[in-house]
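Consider the two complexes below, in which subunit A is the common component and subunit B and subunit C are the respective partners.
Right, the complex of A and B next:
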């Protein structure tokens, strides 16, 4: 067990030593990730593995013990994270050939902290790893670039704030339950909620806020777009696909069981108050993320908001508190991990070749980077939730769960968001890969093989999980069974919904898809011969551009893509300006800072303030 | 162990001799400091602790006495190690005044830690503040003279109060010995007790950098050279902390039954808030460190004012972490600011890429101050948070504000670290790699404590044990009561 944590840690030190030799560091990085994946694979099913460190440090009258143990849900998260991380690190070897900074050292430290989070046995270990993840991410995001500092600072402030809330929550919980163990304290928290509801819900909300911050749910949905647009692209791929799920893991093992079994006031006999709170946060994130994604012109920002929306789906699945919804959410975690990694890898490839991330400045890259285009296409089909790719199954399960619990509002939110997803996904496809190829990108080439291979593998994985969801659902359901949920181990290709007659066999869906492909192929081969049309023919819609005084050969319609839609939603977005609120907090702190500096700069009235201090002490000591 | 007096006497003799030594002063400085350090280590190793030295054969409580217990020896070591580390950055100073003041400071801070009675504590405090004021003014420009003057005015005001409280103690109890006072204070009526405590606290808080007694801090840090900053932090600051622990916790333990501890909680929360927020927009690295040291003292005071043994342990962790971290930071600041001839941290951009060990040490120190896990500061923060949440509403609100302030601290410190590692060409800059050694070792200690707290935990429990069992472990030893 311990070598799983030790290897990344030692690798970090070795990487730090070789930081100037890029080839060595990135190869080592890949090797370490490979080891982690292998090790995780080998400990599957051995749930009693654990490792404990006794410290002499006394807290709450007892000596603190830190421990990690293999737990099924943690394994599920860790394994798929490690798989995706391995693919990304393969991509990184080629990607970082020309970069000036080397992010691998700090990235390895983040991987260490992540494994610690998933296998932490007690809250103190969990907290230590959580904080480690916060500040290491800050350095990974900035990576020596001043441009990235603002976003990174925003992220850092939020994550430190979240960690502070969690520290309070842990301490209060430990005081009342007498233990730092995660599973034991979940049971303890349930009892606190049943005996003194206010305190219990307070503790729960403190925890929840921390996790919401890390998974970019509604009031904290701003950081992904700030961070993703500036950070190093390969690390951002990791962050958007893997790291954003770290808030989901503790929700799955701690918040959901507690909320699901707490005895709280019900709303409409469908779910309790907290369930609805989580659900509304998820619904707002899903809708807001989708709408904001539609308006972006920067492709990385677009997919950052898309991540927010997807995190919203996961929360919606949790809010149903049914086993199908829970499974659906956890399934969606992995699905989103895969498809977001695929999409961000293609974006990284585009940035690698063109150096541009504004979508309206790109276009027509399909001619130059066909493999990247293919990966992106499959990625967005998966993201839109269209079978036979992998995004479909989990969304379907979540909607099933919501409908079966009669949470219609949430189901509508989910469907709205999924539909909106088509808009922004198509927009990205059209602006980046379709349309005309700008002159400056005429010499752009396809990415080198080290970057192409992981993208190809991503395609295979997306299709595989789409057609055979059992590759994820089997480990997931066995993990849930091992934890004690009452579930059947899933079959390879069928998914069970929670409504009547809702079992679908994705094999059949795939056959239908293949049949469709065959029919189209037949039409293609035996139909009329295709005719090559000059691009301008269908771009100008029958008009002659010269008559309008425009140059015929260069059009780009991808700026202000959804202008009418934007005008429609603008008033709504202006009224929900969380960003402005956070920015004003920052400004107020800076204003206060100037005031304090003024006080200390001149230092006048030192003795006066001294006397005031004495008076305060007298007030405290003699009068009160 | 009557020779313990040498710790004070030899630096004092050196202070006189420094008038005539001229070029040999620097050598004398090393010799005396090393002597003090080695002597304190031999005392630690001798196994005689605790012991009590009655000077001139007059038994306590009638005579002057030096006491060496666990707390004393640890703080003695801290003071002397800080002295040794600080003098490594002294170079190119020829004036005998500097050395003279330094020796006085060394004698005074050692004396503060060793002494067993109130009046000598007061005398040594006075002596050290005068020495520091002289050292601050060493640069002889407008800023440092003003800063020294400000410090002098504030500390003389403080000494007035402390003298008044000593007078009151002598009048009411007829004794000045710590142990004797502690024994007899319980018989005093509450009003006199509070008055004495308030007067004494007001003078203590100046040195402990608690708002609103701390207006000297930023200016004097800004106006003085790095070695003096390190004296102020490592020697005077540490001795002041010793005073707070010895006097507040052992001599005046009844403090927690009055409302004064609550006022202290409020004041320390304000100190933290002001320190952290004040540093947020600051660009001058030395001033940032000054604000941050204020804030750290606020956290320490918060832990002390809470009064549970766990929170005191947390406060001691904060002391250790702050002691090490600030030394690292001053050393790094010294090297970097010398290299670019500016104290603005933005000018130091990119230096961490060329001299990574210094920048990494700085980052480790910063993370420790922020209370990040795997660094020494975390254990302190954790203890304080856990015990504050158990101790009622005021401390809960206080700890919430403290944690929010630590977010601000994280933002400004990591921003500096980022600037060190930012991309910029710095080929013209040259720093000798030798200077990386001490910061690296100190940072490694911070990391070691953070990862493996067992060793330091044992020491801190010894300290707390002495506070807990003050009658057995301190009072009876001095008064030789059986």
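Right, the complex of A and C next:
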């Protein structure tokens, strides 16, 4: 068990030595990720593995032991994130050939904390790993670029705020339950809620806020777009597919069991108050993320908001508190990991070749980068949740769960978000890859093989998980069974919903799709021949613009793609702005701190501050 | 072998009925507008002619997209029960049908956007906006019926209305039926919700660059989509049917309603259409949902 954590840590040190030699570092990075994946594969099913250090200390009446253990749900998260990380690191070798800075050292440290978070046995270890991940990602995002500093600072401030809340929650929880162990304290928290409800809910909300921040749920939905638009693209791929799930994991193992079995007031006999709180946060994130994604012009920002919407789906699944919804959410975690990684890899490839991320300045790249286009196409079909690819199964399960619990508002929110997803996904497809190719990108080439191979593998994985969901559902259901949930191990191709007669076989859906395409292709070949002509032939109605003394203009309808729609929502979005609210808090804080600084800088102020400090210390001592 | 033949027959049947409806629809509209109109089999002649002509394409995405469009809708069609018959043995899940339909639209949108004509892309952007407009009320209606029946299987919902005409959901939940009819009008892209085609404004939008067999495939896609959408409504509200002939007749009634509305209404601007869809049909559907839930 311990070597799983030691290897990334040692690799980090080694990488730090070779930081100037890019080829060595990225190869080593790939090798270390390969090892992690292999190791995770080999410990599947051995759930009693653990490693812990007993310290003799007691803090707040709770014994302090630091430990990691192989917990099934943690393994599920860790394994699939390791798989995605391996593919991304293969992509990184080619991607970083010409980059000036080297992010691999910090990244390896994040992978270490990643494993630590998923396997932590107690809250102290969890917190340490959480903090490590928080500040290291700050350096990974900035990566020596001044431009990225704003977004990274925003992220860091939110992370620190969240970590502070979690520290308070951990210490209060430890004092009341007398333990730092995660699973034991969940049981303890349940008893606190049942005896003194307000305190229990307070602790729960502190934890929940921390996790919401990390998973970019409303009202903390702003950081992905600030961060993703500036960070190095390959690292951002990792961030958007793996790191955004760090909030989901503790929710799945800690918040959901507690909320699900807590004895709280019910709403309309369908769910308790906290359940609805989580659901509404998810629904608002899903809808808001979708609407904001529709209006973006920067492709990375667009997909950042799409991630917010997807995290919303996962929360909606949790809020149903049924086993189908829970499985659906956890399945969606992996589906989203896969499809978001695929999409961001293609975006990274586009940026790598063109250096441009504003969608309306691109266009027609399909003629130069067909493989990238295919990956992107399958990625958006998966992201839209259309059947033969992954993304459908999990969304379907979540909707089934919401419908069977009669949570109609959430079900409608989910449909709104997934239909809205077509809008922004298609806009990205049309603006980046379709339309007319601008002259300045005439010489763009397809990406080199080291980058093409991971994209191709991504396509295969997306199709495989879509048609044979068992590759993910089998480990998931076995893990849930090992934790103690009452579930059957899933079959390879069928998914089970919670309504009457709602078993779907995705294999049949795939066959039917193939059948439809075959009939349609027969029609196509049955028709008369077609002739391939350049776009301008048709577009300029047979005239040669050069003969008229003008150049052929390029028209891509992509800048204000949904202008009428935007005008409908403008009043709403202008009047409500969480970002503005945070900014005003920031300004006030700055004002306060500069006032205090002013006191400090002048001589007498320093004395005053010092004496206030001493006074506070003495008072504090007296009270305790 | 039988299964393959069956799938093939279902596909051809849907295309045939869809084209027949299109032809009759044109005739009916003409008569309402005091014209003579083309013969009822005109749609077959059109498609035959289009497939016989030579055509132009700009790139492989256009070919791929058009094939994907018809393929996706045919696949959807295979999941819809027709008078109790389904092409393959499945649970005819409504959510699967709704999502599968989207792949056809995505293929179509991709093909026409790849043609490089801005008019086509404007049409697609309007069509997708409209989609968000009608999907939400339509799903609200479906949600009500799913909650009443406790299942999301289209076949079970249609079976639950067996017996007399009074068991039809159309009679039991009239508000839901009205909301679904309005959403259906938008789903088929008929007036007043045809801002995505708008011949006078954006030169038929998506169709502007299509020629020959590509336009023919677009025709067939439209025919199948008419078939699928009316079939869903018949299953949801009119209790399916005991034989295929009655089923098609019921489908035709539904199609006739949309045609009547199409023949006499002018066109909404896209934002007006979405605002309308998000106020009137959603209001009616939510009212029905509340009546069901409480």
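In this text, the second predicted complex is superposed on the first by the 575 of 624 C-alpha atoms of A that agree within 3 Å, B and C clash if a C-alpha of one lies under 4 Å from a C-alpha of the other, contacts with A are read in each partner's own complex, and residues count from 1 in each chain.
Basically, a contact is a pair of C-beta atoms (placed from the backbone, for glycine too) under 8 Å apart; a residue touches a chain by one contact, two chains touch by 3 or more.
This structure is a prediction, so every number in the text was calculated from the model and none was measured.
Chemist: Once the structures are superposed on A, label A:504 by its partner contacts, choosing first (subunit B), second (subunit C), both or neither.
Modeler: second
Chemist: Touch test for A:31: subunit B only (first), subunit C only (second), both, or neither?
Modeler: Neither partner.
Chemist: Quick check for you: in the superposed arrangement, does A:161 touch first (subunit B), second (subunit C), both or neither?
Modeler: After superposition on chain A, A:161 lies in contact with subunit B alone.
Chemist: Spot which of subunit B and subunit C makes contact with more residues of subunit A, would you?
Modeler: Looking at subunit B versus subunit C, the one contacting more residues of subunit A is C.
Chemist: Which holds for A:572: it touches subunit B only (first), subunit C only (second), both, or neither?
Modeler: neither
Chemist: On the A-aligned overlay, A:142 touches which partner chain: subunit B = first, subunit C = second, or both, or neither?
Modeler: first
Chemist: For subunit A, which residues lie in the overlap of the subunit B contacts and the subunit C contacts?
Modeler: Subunit A residues touching both partners: none found.
Chemist: In the complex formed with subunit A, which residues of subunit C make contact?
Modeler: Of all residues in subunit C, those touching subunit A are 4, 7-8, 11, 50-59, 61, 63, 66-79, 87-88, 90-91, 93, 95-96, 99-100, 102-103, 105-106, 109-110, 113-118, 121-122, 124-126, 128-129, 131-132, 135-136, 139-140, 143, 146-147, 149-153, 156, 209, 212-214, 216-217, 220, 269-271, 274-275, 289, 293.
Chemist: Residue numbers of subunit A touching subunit B in their complex, please.
Modeler: 55-60, 100-101, 124, 127-129, 131-132, 135, 138-139, 142, 144-146, 149, 152-153, 156-157, 160-161, 164, 167-168, 171-172, 174-175, 589-590, 592-594, 596-597, 599-601, 603, 605-607, 609-610, 612-614, 616-622, 624
Chemist: Which residues of subunit A touch subunit C in the complex?
Modeler: Result: residues 364, 366-367, 373, 377, 381, 384-388, 392, 396, 399-400, 403, 406, 408, 411-412, 415-416, 419-420, 422-423, 426-427, 429-430, 434-436, 497, 499-505, 508-509, 511-513, 515-521, 523-524, 526-535, 537-539, 555-558, 561-562, 564-565, 567-568 of subunit A touch subunit C.
Chemist: Name, in rising order, each residue of subunit B that touches subunit A in their complex.
Modeler: Per the stated touch rule, the residues are 150, 153-154, 157-158, 161, 191, 194-195, 197-198, 201-202, 205-206, 210-213, 215-219, 258-260, 262-263, 266-267, 274, 277-282, 291, 310, 313, 353, 367, 370, 372-374, 378-379, 381-383, 385-386, 389-390, 399-400, 403-404, 406-408, 410-411, 414-415, 417-418, 421-423, 452-454, 457-458, 461.
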